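Below are structures written as structure tokens.
Note that subunit A is present in both complexes that follow, paired respectively with subunit B and with subunit C.
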Partner chain A sequence: MNLLVFTKRVPATQEEELRIVDEGRGVDLSKVPFKVNDWDNYAIEEAVRIVEKTGGTVTAISIGNAESDEVLRRAIAMGAKDGFLIETDQVLHDPGARASLILNFLKKEGITYDAIFTGVQSEDDQFASLGGILAARLGIPYASMVIAIDAFETDHVTARRELEGGLQERIKVMLPCVLSIQSGINEPRYVSIMGIRKASKVERKIFKGNDYEDNVIPGIEVVKWVYPDKKGGATMLDGELDGICKGLLGILKEKGVYQ
Partner chain B sequence: MSIQTQTRVLTCIQCGKCTGSCPEAGRTPFNIRMVVRRKQFQHHIEESIPWYCTSCGACTIRCPRDVKPSEMIIDVRSVMVEEGDIPATIQKALENTFVHRNPWGRSRAKRGAWFEKLDFEVPHVSETVSKRLLFTCCIQAYDPRCMVIPANIAKMLNKGGLEFGVLGEEEACCGNEIRRIGESGLFEELQEENVAAFKEYGIKEIITLSPHCMNTLKKEYGDLGINVSHYTEVLANMIKEGRLAPKTSYSKKVIYHDPCFLGKQNNIFDEPRDILKSIEGLELLEFSRARETSLCCEGGGGRMFYEAETAYQRNSEIRVLEAVEKGAEIMATSCPFCVMTLEDPATEKGLAVKDISEILMEVL
Partner chain C sequence: MSYTLVVAEVRRGVFEERNLDSIGIAALMQKSIVLLMPDGAYEMNGNLVDTIIRTTVQEEVFLNPLNFITILEKTMNSRGQPDLIVFTHSSSGTELASYTAGHFNMPLITDVSGFDKEKNVFYKSYYSDKIFGEFRQTGSGPCIVTVRSGSFKEHIIEKGPAQTTALEDIALAEGRTFIEYVEEETGAIDITKAEFLLSVGRGIGNKDEIADYQELAGLLKATLSGSRPVIDKMWLPKAQQVGTSGKTVKPKVYLAMGISGAFQHIAGMKDSDCIIAVNKDPEAPIFQYAHYGVIGDANKLRDKLKDIAKG
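The block that comes next holds the complex of A and B.
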């Protein structure tokens, strides 16, 4: 099996207080650390586990600036054979434009595959639609929210999709296909620094993004970054500790939480 | 073989002194003598076993043949780390440290949150004349229970007229626990990053708040020509010199728990006691296992991030029960990991756990 997995370097924003700058034209990420997109980490792990069983190769592909190389090194340390960087400084928010770029890249470079894995979504843009749009452009089947892969045969894959209400649906998807991988499908292995250093010795191929820009026309563009509207409902208690505790007890009693 | 040479496992005579001194022996499946034996013969070691080790160091300190079982455990763990097969919570701590430079995955920008609430300005160390750095430690920078410790010590240093500065968000995890978890590559990265900052700002002295940071900065960062001390050494000296003087009486029975990385691993036993003895009215009690034989709280060596699979009576509970039996009203210690592990069982028994700095702050 030849599996392509898309992996993205994203800002680790969960603990950060993000600031909008340039009158809404950008977000200050200068002090924010970056990491691999969580869903892509599961996708790489799943692909590596499949080829460990069936044979074949995993190729990790990232679209982004030169620093995205770090997620490729990480993927190679996890077991991917190759890492391809489609280098571009252009920020493609529109998943449609990203899908077009990928389509051009795969065709122009003559890259063959049995399946393409993406994460369900990326932590930064959260469109959760790259996999679906890419499959449509390629004219191949697509399954989203894949939470288990039970069998990978020569012509099809048997997988399970995560549904609401605690249900899963087992599906048969003909190959080649695109699957978007849900977090929790596996327990991704730990990637050590030594492992990443060793992976650095594997050459990653760099492709220039502007070689694949035919018909890459974003249909969606970010007009302005804004903060959510502030809502009421929060009461801040301040003053001395005794007073805060009494105030809190009063509120809890009033709301019927504490009798 | 080179690993065996470094940890000297082949010289082990299986006397069992290591197991006899191990805080995990008998209550958990961890038998360090057996692990050394299996390592000697390169036999398989069950994967959950190495994670019981608290890195207290008792086995290595007491070995009559100079074998280093606690270092051997790090080697065993490092193989698991390289294979990527480690407990999920340990993995999370390592990944957080890789991305955020602290095991809790908190924002690096908030590492200085504790000193923003002080009523005096704490300068960046580069702005100080003394180039004396107060090294915060991750848990004390972020954990609400422990954030009071650096704030208190900063106030006391300020009161005693000892100039100091901080690195703020430029400070990275010291890596003491990271090395003991077996992630030597990440430890090297943290070491390089911190050393680069020390050199850039010409640091001459480091006061550490955690014995774990002190241990690695002093013994594992190489010879940097920087004097590294624990805050108890600095405060004890300030009291001795009369720069700090406890004013009010503290009529309480206080029992002192020696942290492994301060006491048995770095021989700092007297300074914490000197601080407590300088307080009028305070009655200092001792555990039956005190100083070199202090019972480990089980917070070190990655155990802060790992919940053992076996249910057993924790050492922290044993410590609390003895403290209560001895009539202690307060259990004092000088390590944030000890504070965190001791506090839960102590609260259940109505016993207060305080860092020495908290007690001293009350009487100044």
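The block that comes next holds the complex of A and C.
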């Protein structure tokens, strides 16, 4: 099987204070650390596990600036054979425009595949739609929220999709197809610094993003960035740790769940 | 005639509650509302939309994106293009919306939680709800949105009985087929029955910390649960997951430690009587939903609570 996996370098904003700048036209990410998108990590692991059984190769592809090379090195350290960077400094917020860019790239470079994997969503924009748009544009089947791949045969995949409330659906998807991989599908292998260093010796191919810009026209735009509305908010307990904890236990007593 | 098309989500014979948010945003558009839905014997309020199109296929066929594009094409052939197509922001809603957007080359905005009619912009979350973008359609054709559960329900209007029509002769795709529903295994612990949940998230750091939280839960007579990242990393069993893909809980007290509060998590616990959140990040969205909050390191608080509880 030849599998393509899209992987993205994203800002790790979990514990960062984000600032809107330029009168709402931008968000300052200059001090935020970057990392591999969590969902893509699971997608790469799943692809590598499949080719370890069926043979074939995994190719990791990233769209982004030169620094996105770091997620490709990581993918190679996990078992991908190649890493392709579609280099662009432009941030395409519209997943439709990103899908068009990928479509042009795959066609122009004559890249073949049995299946394409993406993460369910990227942590920064949470669009959760690149895989579906790409599959439809390629005219091939699609499944998202894939939480288990039960069988990967020569012409089809049997997979389970995660629905809500602990329900799943088992489906059969013909190849080639696009699958968006859900977090928790596997336990991604540990990647050591040594492993990444070794992976750096594998040459990554760089493609210039502007070679694939035909018909890459965004269908949506961001007018302005805003902070969320503050609701009532919580009553904050502050002061010394000891006092906070006693206050907290007091609330538990008052609610009748702790004596 | 211009109209707003709402795509209904029905699972296991239940018209999902979150469809009311899709109908709610459609009501804000002040156009005729057309509801497209699968066949089946399920209950719903037929007075909230102008027209119901009932397809002759069952839910698992209807919610397959390869079939859905055929269903939508037939709908548009008979009625013309809608101005807006609304899906739920759920597993199947986003799957259908993205495939439809790609197939028909329509603009798409997902996870919409607000709409400003004057500015004609949709609000979409970025960076785990720390920032929102005001999004506008620039491309042509109907715009597709997926809406966040709980965001628009209050805007629904009683309109009187809807007209119902049928949509028949849908050719089924072979590229993807439904096999069966699978229920996840139930665990030994039923977190939905607990009066007091101690829930842990990514912020606790690593798996080794779990044992100490288990001990604290024992001391406080609480039941331990977790958010998605904790389950994904296999720190706790899946049966103990709180959130849309796990369990929906309503305990007397929900004590969240190291949970930032993705909306999928919030949806699973927001109806708890009392929510207490402990998180290092003062900007964590969970503080917007909590009754009490502590900004600090969850593990330090845990250790102190343990000391005091041990007396």
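Simple rule for what comes next: the second predicted complex is superposed on the first by the 234 of 259 C-alpha atoms of A that agree within 3 Å, B and C clash if a C-alpha of one lies under 4 Å from a C-alpha of the other, contacts with A are read in each partner's own complex, and residues count from 1 in each chain.
Throughout what follows, contacts are C-beta pairs under 8 Å (C-beta built on N, C-alpha and C of every residue); 3 or more make two chains touch, one makes a residue touch a chain.
Keep in mind that what you see is a predicted model, and the values were worked out from it rather than measured.
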Handout entry: Which of subunit B and subunit C A:P33 touches, first, second, both or neither
Key = first
Exercise for the section: Return the chain, subunit B or subunit C, that is in touch with more residues of subunit A. Expected result: C
Practice task
Have a look at where A:E15 lands relative to subunit B and subunit C in the superposition and call it first, second, both or neither.
Solution key: both
Problem - Partner chain(s) touched by A:L167 [first = subunit B, second = subunit C, both, neither] - result: second
Exercise for the section: Tell me which partner A:K201 touches in the superposition: subunit B (first), subunit C (second), both or neither. Expected result: neither
Exercise for the section: Go through the superposed model and pick first if A:E187 touches only subunit B, second if only subunit C, both, or neither. Expected result: both
Exercise for the section: Go through the superposed model and pick first if A:M145 touches only subunit B, second if only subunit C, both, or neither. Expected result: second
Practice task
Applying the touch criterion given at the start, work out whether A:G219 contacts subunit B, subunit C, both or neither, answering first, second, both or neither.
Solution key: second
Handout entry: Partner chain(s) touched by A:C245 [first = subunit B, second = subunit C, both, neither]
Key = second
Handout entry: Intersection of the subunit A residues that touch subunit B with those that touch subunit C
Key = 14-17, 187
Problem - Interfacial residue positions of subunit C with respect to subunit A in the complex - result: 11-12, 60, 64-66, 69, 90-92, 94-95, 97-103, 105-111, 119, 121, 123, 125-139, 143, 173-184, 195-196, 202, 220-222, 228-229, 231-234, 238, 244-248, 252-253, 255, 260, 273-277, 280-283, 285, 287-296, 300-301, 304-305, 308-309
Handout entry: Residues of subunit B touching subunit A in the complex
Key = 81-86, 88, 91, 94-95, 98-101, 105-110, 169, 183-186, 188-189
Handout entry: In the complex with subunit C, residue positions of subunit A that touch it
Key = 11, 13-18, 20, 27, 93-96, 99, 123-137, 140-145, 158, 160-174, 177, 183-184, 187, 217-228, 230-231, 233-238, 241-242, 244-246, 248-249, 251-252, 255-258
Fill in the blank from the handout: The subunit A residues in contact with subunit B across the complex are 12, 14-17, 31, 33-35, 78, 187, 189-197
